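Everything below concerns the one structure shown next.
Labels for the chains are A, B, C, D and E, by order of writing; each one numbers its residues from 1.
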Amino acid sequence: MVPLENYLVLSGILFSLGVYGVLARRNAVLVLMSVELMLNAVSLNFVAFAVYLDPGRATGIVFAVFVIAVAAAEVGLALAIVIRLFRNRSTANVDEAATMRW
Amino acid sequence: MTTEVLWWIFAVGVVGTAAGVVLSRTVVHSAIFLILSLAGVGAMYLFLTVEFIALVQFLIYGGAVTVLILLALMLTRMGVAGRPEPVTGAQAPFGALVALALMATLVAVAVATAWPGDLGGSPEAVSIEQIGEALFEHYGAPFIIMAVLLLVAFIGAIAIARQEDGD
Amino acid sequence: MGSGEAQGYVLLTALALPLLAAGALLLMPGSQRMAARYLSAVVGAILLGLSVYVFLAYQANGEVLQMQLRWPWIEHVGFLGENGISLHLGVDGISALLTLLTGVVAFAGTLVAWKIEYRVKDFFILFWILIAGVYGTFFALDLFFFFFFYELAVVPLYLLIGIWGSTRKEYGAMKLTLMLVGGSVGIWIGIFAVVHEAGLGTFDLPTLWEAGRSGALSADFQKVIFPFFAVGCGVLAGLWPLHTWSPDGHMSAPTSVSMVHAGVLMKLGAFGIIRLGIQILPEGAAFWMPALLVLGTIGALYGAIAALTQRDFKLISGYSSVSHMGYVLIGLATLNEVGVSGASLQMFSHGVMTALVFLLIGALYDQAHTRDLRDFGGVAKVMPLWVVAYVVAGLANAGLPGLSGFTAEFHIFVGAFRTYPVFGGLAILAAAIAAAYMLRMFAVVFFGPLNPRWRDLKDLSPIEAVSAALLVVSMLAMGLWWSPFTDRLANTVLSLPGVTS
Amino acid sequence: MAEHAWMLAAVPAFAFVALTATGRHLPRQGDFVAVLTAAAVFALFFAVLASFLGLGDAAWPVLNSIEWTAIGSFELRMGIAVDQITIVMLAVITTVAFMVNVFSVGYMKGEPRYWWYFAVLQLFVASMLMLVLADNLLLLYIAWEVVGLSSFLLIGHYWERRSAVEAAKKAFVTTRVGDVGLLIGIILLWDATGTFNILDIFHAVEAGAVGETRLFVTMMFILLGAMGKSAQVPFHVWLPDAMEGPTPVSALIHAATMVVAGVYLVARLLPLFESAGGALMVITIVGLVTALFSGAVAFAQTDIKKVLAYSTVSQLGFMFVALGAGLVSAGMFHLFTHAFFKALLFLGAGSVIIGTHHHQEMGQLGGLWRKMPVTAATFLIGSLALAGLFPLAGFWSKDEILHAVDAHRGALVFLLISVASIMTAFYTMRLFVRTFLGKPQDEAIASHTRETGAIMTLPLVFLAILSVIAGLAVFHEVGDALGFPGGFGEFVYLHHPEVFHVDWGLAGFSTALFVLGAFAAGWLYRGGRLDRATALAEWQPRLYELLRRKFYFDELYQALIDRVVLGFSYVVSWFDRFAVNDTGVDGSAAMTGYAGFLLKHLQTGRVPNYALAIAAGVVALTLITLAVGG
Amino acid sequence: MRDFTLFIPEYIAVAAAVAILAAELAWPHIRKDLLAYATAAGAAAWLIAALPYIGHTAGDFEGLLHTDGFTTYFRILAAGIVFVIALFSAQYLRGRTNTAGEYYSLLLVGGTGMVLMAASRELLTAYISLELLSFSLYILVGYLKRDTLSNEASLKYILLGAFSSAMLLYGISLLYGVTGSTTYEGVAQGLAARGGDTDWAAIAGIMLIVAGVGFKVSAAPFHMWAPDAYQGAPLPITAFLSTASKAAGFALILRLFTGALVVDAIEWRAAIAALAAITMTAGNLLAIQQTNLKRLVAYSSIGQVGYMLVAIAAIGYGDAATAENASSALLLHIAGYTLSTLALFAALTAHYNRTGDDSIAGLRGLAQTQPFLALVITASLFSFAGLPFFAGFATKLLMFQASTTDGLLWLVGLAAANSFVSLYYYLMVMRQMYLYDPPEGRARFRPTPLLGGLAGLLLLGVLFVGIYPQPVFEATDGAAAALFEVSAAVLIRAP
């Protein structure tokens, strides 16, 4: 069967891709998408651990549920902010929203 | 046997689509890729025999989140005309470097660690009952807090996004 | 000890009074200038009285620490045990002497500050906070409060110089404050290390001294930590090459601040080296003293030589302060009874002498608005009192017998010869140079034909005359009759660990 | 009384305080206070002398001291010791001080700061007396410095004159350099013997507490002090300039008393010098060089007071030579006599200056004989005494010196000292001839030159008498008659008293020396004419210039101070500004600020950069921790 | 066991929050400052409700949440902070926003989140509480909707916040994998029991967690959001950020590190020490360069975080006693720091309401136009710099002293040196206020009685803690003790 490591490696790669997205993308929405990837990797981790390491106590799964929920809420909030910014500046590029620095 | 093959196919799919999310040139494509990769992760949950999470994944992500994102794309007039501006910033290479380093670390961690209690065998099914039990009994407190949190997010989203005189 | 307890409250009063004065002024409307002045004058007078009392009441042949008073402050919490931090006051011979110095200089400074017209109230608030800090440092027998008051004495200088100063005041103020506080960082680190190493959960100084003596602090540890204290305090004591705040700071500081600063504050540094360095870390002190001696000697010569060609009164005094504090360090470094007593005497002597000098410079500058020697000449014609006072101060500076300078320097020389003859010789040479630069200034400024530009300079005002007289008297007192001073020092000095006879 | 000799110093000290405080407001600005004080001291001296002699030599020296301070084992006593040498010094000081105080009343009339002048005079007398009374070197040093201070104040009395100020400064600083040596020497002695008390030091040294070489070094340091005060080459430069002070001051301080403090010190510590290897030889050499050098310089001086000043220096040289020969009596005796006739000469010069309304250049004087007979007469006596004419005071003391040198220092020194005394005779006579004989060089001045009043001439007469008879003190009979144990040599001695007996050969020789010098001068300046002298000068212009410019000592020192000392000071100041302050202190501050400036550019304001920082941070922390070894 | 009475104060807070929301919905044109006072009242009630818990036996909720001295301490702190901030905002918000209900209710909710962070002893609960606080802050920072700086700030904050919480979560997941538990005891036992072949996972997990919480308390290099967020946020929220959010972060860190990770101290102490060093140095060096007050405060507070991390490092390096003393002293310093910061912002808000200028140069001549505010600002800045009479002197000295352990003297030394550097830029502010005369046309003014009074009270607090910290110190001692009696069970130190 598929061993635990596979899932961990997969989530690791997924997470790193998400990180890359956050680091590389200019558009706020894209950054958010990348964050979503990272969160997915996280919940995948949790579930995998839960299932493989402590069956019965489902802690990890509950964690995953919460992570997904928080992620959703976060996206909602973040997008609201992005839209607000876009209204004021008509751009959603994070590196253009850099009037405050140094 | 077949499950393994399938798993590998899906794994590759997930990674590929995820790569698509962070690499594709137009925003809309990224969004599409995101949906796919989320779905792929959902499939992974099925492999892990926790249908509940898979369900949640499909509903919340596949549904709400992606819709939200697409909506946001529309509102911020992204990709509609596919504004011909680079979607990837100047520091991408450094990002790639760091991300690779991180990936190496995490993969190494995943592989090199002897996970305590790892039976090396197949995942054991976790019943909805157990989950419900844990969620509402033991983890009642976080659950309540979570409720407040969602309320906050809800209020906040409104407060921030609401039209006002002045804009 | 009952009377000692009662006398302890005298110390407490001397400590609290300036703070109360500052508080009262804080509440006073800024428009009430005269009120502020009179209040300060009265407080200054009372403090002078208390200081004199403390000095006289200190029993030369009693135990070393007298007038002790201990109020438990913070204890039995966190890492702090019994007497963890207590408001522990008391004086030994040295601090008694320096208390007297503070009283004299502070009173003189208050009178001189009478002339200030700009933001009078604010000035006196800061001034009294400064004074409180000085008293506190001399009285404190608890490391926490020692550092507390030490910092308290340093900080107000920034505003005092920055607001009421003259030449390049912002630069001078900033540099002075930063260098002094930078020094106290060293002290801070030292405190952490010592209290941790002693592991007694207390900041009580006598306890820590005992720990240092009894070897609870290992020799190696002492050798490592002593430089932190020595350099940290050394900055304030004008230890070469960390002295550069002194010329610039004095150049920018207003008169009474220069007086208090050069007169008293610089002594805090040397006092700190005794209190923290020698008394807590005797072995470290013994190990590092030669280095301190070399630096002190360099400072003494360097300051004197640099003063030879300065053209600004205050620069001359700034450098001569460096030179004289160099003597103090030499005296301490000898680690023998005579040298260390000499150092203490020199603290007093230099205190009153330099305070007088700055008073006089101020009196001139306020009228002439220049401090360039070459602008003057024949001033004695129009300002006889001023010149007389200055000559007295200058001769004391040059170590002329009959004035305090000689009394102090003589002991230092003797002490130095006992241990390091060569350096003693160099120190004496520096004294000769001091005579040279002082006389050069006399010749250029006071004597010769009167430069008509200064025909209508006014002599010392009565108030200035009074405070000048006060300082001159204290100089003569120590110069002509040593024993009241040396007797009070003897026991204390002999009680210092590592001080040989 | 002798054990209360400190009152001698106390009285004028009190007078000083009183005059400083009230002098300005007293009638006549309180000069009478000064005179009375001086008289009182003079009288007191005789009381002291009487009781001293009354005690008998068993009781000598008379001691009296008090506890001063004690720090642990470091104990100090202050006190007085009266012995023969002290008595001699007291005699000189009190007498001359009295005369000078009186003379000053006339001389300083109408001068600025009249009261202050007298006040400082009292301070000087007090400290000078304390100096000779001190039983320990510390007290001696203290008095020594105060003496220097009062000399400084008096030289600079006319401080409106730049030259006076400079002279005062020069005097103070130059002697101060010597004093550094003195203080070092004193402390070295203390370090070796653990006491400042002179007698204890003697005992300790006899007991061999101090090694030969160490003692030698120490004594050399002390000798520096003595040379500084007594203006021995190369410290002599300040004394001629000191003539800027009022002339009575020159008489008292720079002829009779203060300048001989060095001689006194050497005499006082002679036992130590003796036991310090070649120290005595050094003293002789110093004295000899000084005597010859300044004698020569005196040839070419034209200012009365300058000539006298150099003659003083040269006579001090004589005293050093005598002491160097190991003979306290000879040295002290010359000190004794010299005090009187040199004071006389200076006061005479003062009288001339007043009489001619402030002219002291020989070139402008001459022929004063008729105008001011008393002054001239007394001045002649003084000159002859100085030149060493039989049987005036100078003759006997110089005779003693020649005798001593002959006995202890061999032919060469004897020869040179003889040359020196010829010089003495020469310049003294030159001075007298050019000032008083011949025709006035400047009629304008001569026309309104008057003899000075009694207040000034009486002291001259008194001193003249002393200059005649003081020498006789050398005779056993005279001393005996006065209640002394005998002649000077039997009163003041180091190891064993020596009865004086005239050595006619030596007497004749020294008379010959006098005649040689005196007649050379007389011939050269006959009738106050200068042609021969000028011819002489033109015959050897270089030499003449050399003498006139005092062997360029002042120029040399000036260069030394300007170039070396001040130059070094400039270097140090520069170093302090630029290296220590601007680079070290401000530099480090600037560096800190610059670090912040660089760092702040990482804060680009761009989210991706921030995220990069976070991610990189995590990776770094992880890897580092892994590397460090979890 | 599920004892719902343990969190009555928080119920009150949330109830108040909802009530305020409702109130504004009901009466849209209600005077906004009334809402402020209502919030203050709610906070006061919350505070009062918290008092009975003092000395109350520790209560435990399913092993997830814990109400003990520690929780009580942060409860009082949180309620106090919300109270003060609400009053700051009353005048400030006028004319800057149309609605204020969300603002005030979010203050209360955020405060609640802070308390829960302090109370939670289980990773999931801790995470959710943390997000509760973060979400409120995201919104509050961006609350000035028409102010582009405010938008920008909140965007940066939320994006980076999400990013870092993803990191945190991944770390937690790894830790969960290693120990098979998410409760602190569980983690502690797991870490104590684990074999060497799980080092990598443990380290990676802990480091990711460090990054997550480090972001929360803005420790370099995770600090970069802070200056921007501080500058963009409404002034009172800047105060809230620099007090509540930091305090909460440290509450969580203390619980987590003393409760769970202390077992594995050897794995993370070096990293924390390094973090502390970098943080304090970067914060102070950067502060020197600032011209904007809010940014200056941001950087200086980053420096302060560096100092506080020293204490955390000490927990890792020292023995049990040192660990406890260090945490107690840290709590003391947090109290002092919070007081000083609030005092500073009371004065700044008063000044800003008057001048609308948040640059350093804007303070020019304040000593003459408003000496009292100048005094308060001076006091709080000097308190940051650790100068006598003010809280910072005593608390900082005691904290460093408590943190001095054999391996760590260098760090303490560095901290001392840093607080010296910090004096420089505080003096720059002083210079503006005292050395210069006010610009033309800047007349004397007096702050509103409300802000003036607050400033005065807070100043007194600063002085009290500075001069006589004994009572507060005893309280923090109790809190710290509670912290450790909980984790004492698993305090088996790693070799």
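As a working rule, contacts are C-beta pairs under 8 Å (C-beta built on N, C-alpha and C of every residue); 3 or more make two chains touch, one makes a residue touch a chain.
On a predicted model such as this, the values are computed, not experimentally measured, just so you know.
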{"item": "Where subunit A and subunit C overlap in contact partners, by chain label", "value": "D, E"}
{"item": "Chain labels contacting subunit B and also subunit D", "value": "A, E"}
{"item": "Chain whose average C-alpha position is farthest from subunit E's own", "value": "D"}
{"item": "Most centrally placed chain, judged by C-alpha centres", "value": "C"}
{"item": "Far-end chain from subunit A, centres as C-alpha averages", "value": "D"}
{"item": "Most heavily contacting chain pair (counted by C-beta pairs in contact)", "value": "A-B"}
{"item": "Mean-CA-position distance for subunit D and subunit C (Å)", "value": "38"}
{"item": "Separation of mean Cα positions, subunit E and subunit D [Å, integer]", "value": "78"}
{"item": "Separation of subunit A from subunit B, taking each centre as the mean of its C-alpha atoms, in whole Å", "value": "6"}
{"item": "Centroid distance [mean C-alpha coordinates] between subunit C and subunit B, Å", "value": "70"}
{"item": "Touching two or more other chains - residue numbers and ranges from subunit E", "value": "124, 128, 131, 135, 138-139, 142, 145-146, 154-156, 159, 163, 167, 170, 174, 177, 180, 200, 204, 227-228, 289, 424"}
{"item": "For subunit B, residues contacting two or more additional chains", "value": "89, 91, 94-95, 98-99, 102, 105-106, 109, 115-117, 139, 142, 146, 149, 153, 156, 158, 160, 167"}
{"item": "Contacts with 2+ other chains: residues of subunit A", "value": "8, 15, 18-19, 22-26, 31-32, 49, 53-54, 59, 62, 66, 70, 73-74, 77, 81-82, 84, 88, 94-95, 97-102"}
{"item": "All touching chain pairs, where touch follows the definition stated at the start", "value": "A-B, A-D, A-E, B-D, B-E, C-D, C-E, D-E"}
{"item": "For the subunit B and subunit A complex, residues of the former touching the latter", "value": "3-4, 7, 11, 14-15, 18-19, 21-22, 27, 30-31, 34, 37-38, 41, 44-45, 47-50, 52-53, 56-57, 60-61, 64-65, 68-69, 71-73, 75-76, 78, 85-89, 91-92, 94-96, 98-100, 102-103, 106-107, 109-111, 115-124, 126, 130-131, 133-135, 139, 142, 146, 149-150, 153-154, 156-158, 160-161, 167"}
{"item": "Residues of subunit C defined as touching subunit E within the complex", "value": "30, 73-75, 77-79, 122, 133, 144, 147-149, 151-152, 155, 158-159, 162-163, 170, 174, 177-178, 181-182, 185, 188-189, 191-193, 195-196"}
{"item": "Residues of subunit D that touch subunit A when the two form their complex", "value": "600-601, 603-608, 611-612, 615"}
{"item": "In the complex, subunit A residues that touch subunit D", "value": "19, 22-26, 31, 94-95, 97-102"}
{"item": "Contact footprint of subunit C on subunit D as seen in their complex", "value": "68-74, 138, 141-143, 145-146, 149, 156, 159-162, 165-166, 168-169, 172-173, 176-177, 179-180, 183-184, 187-188, 190-191, 565-566, 568-570, 572-573, 576, 580-581, 584-586, 589"}
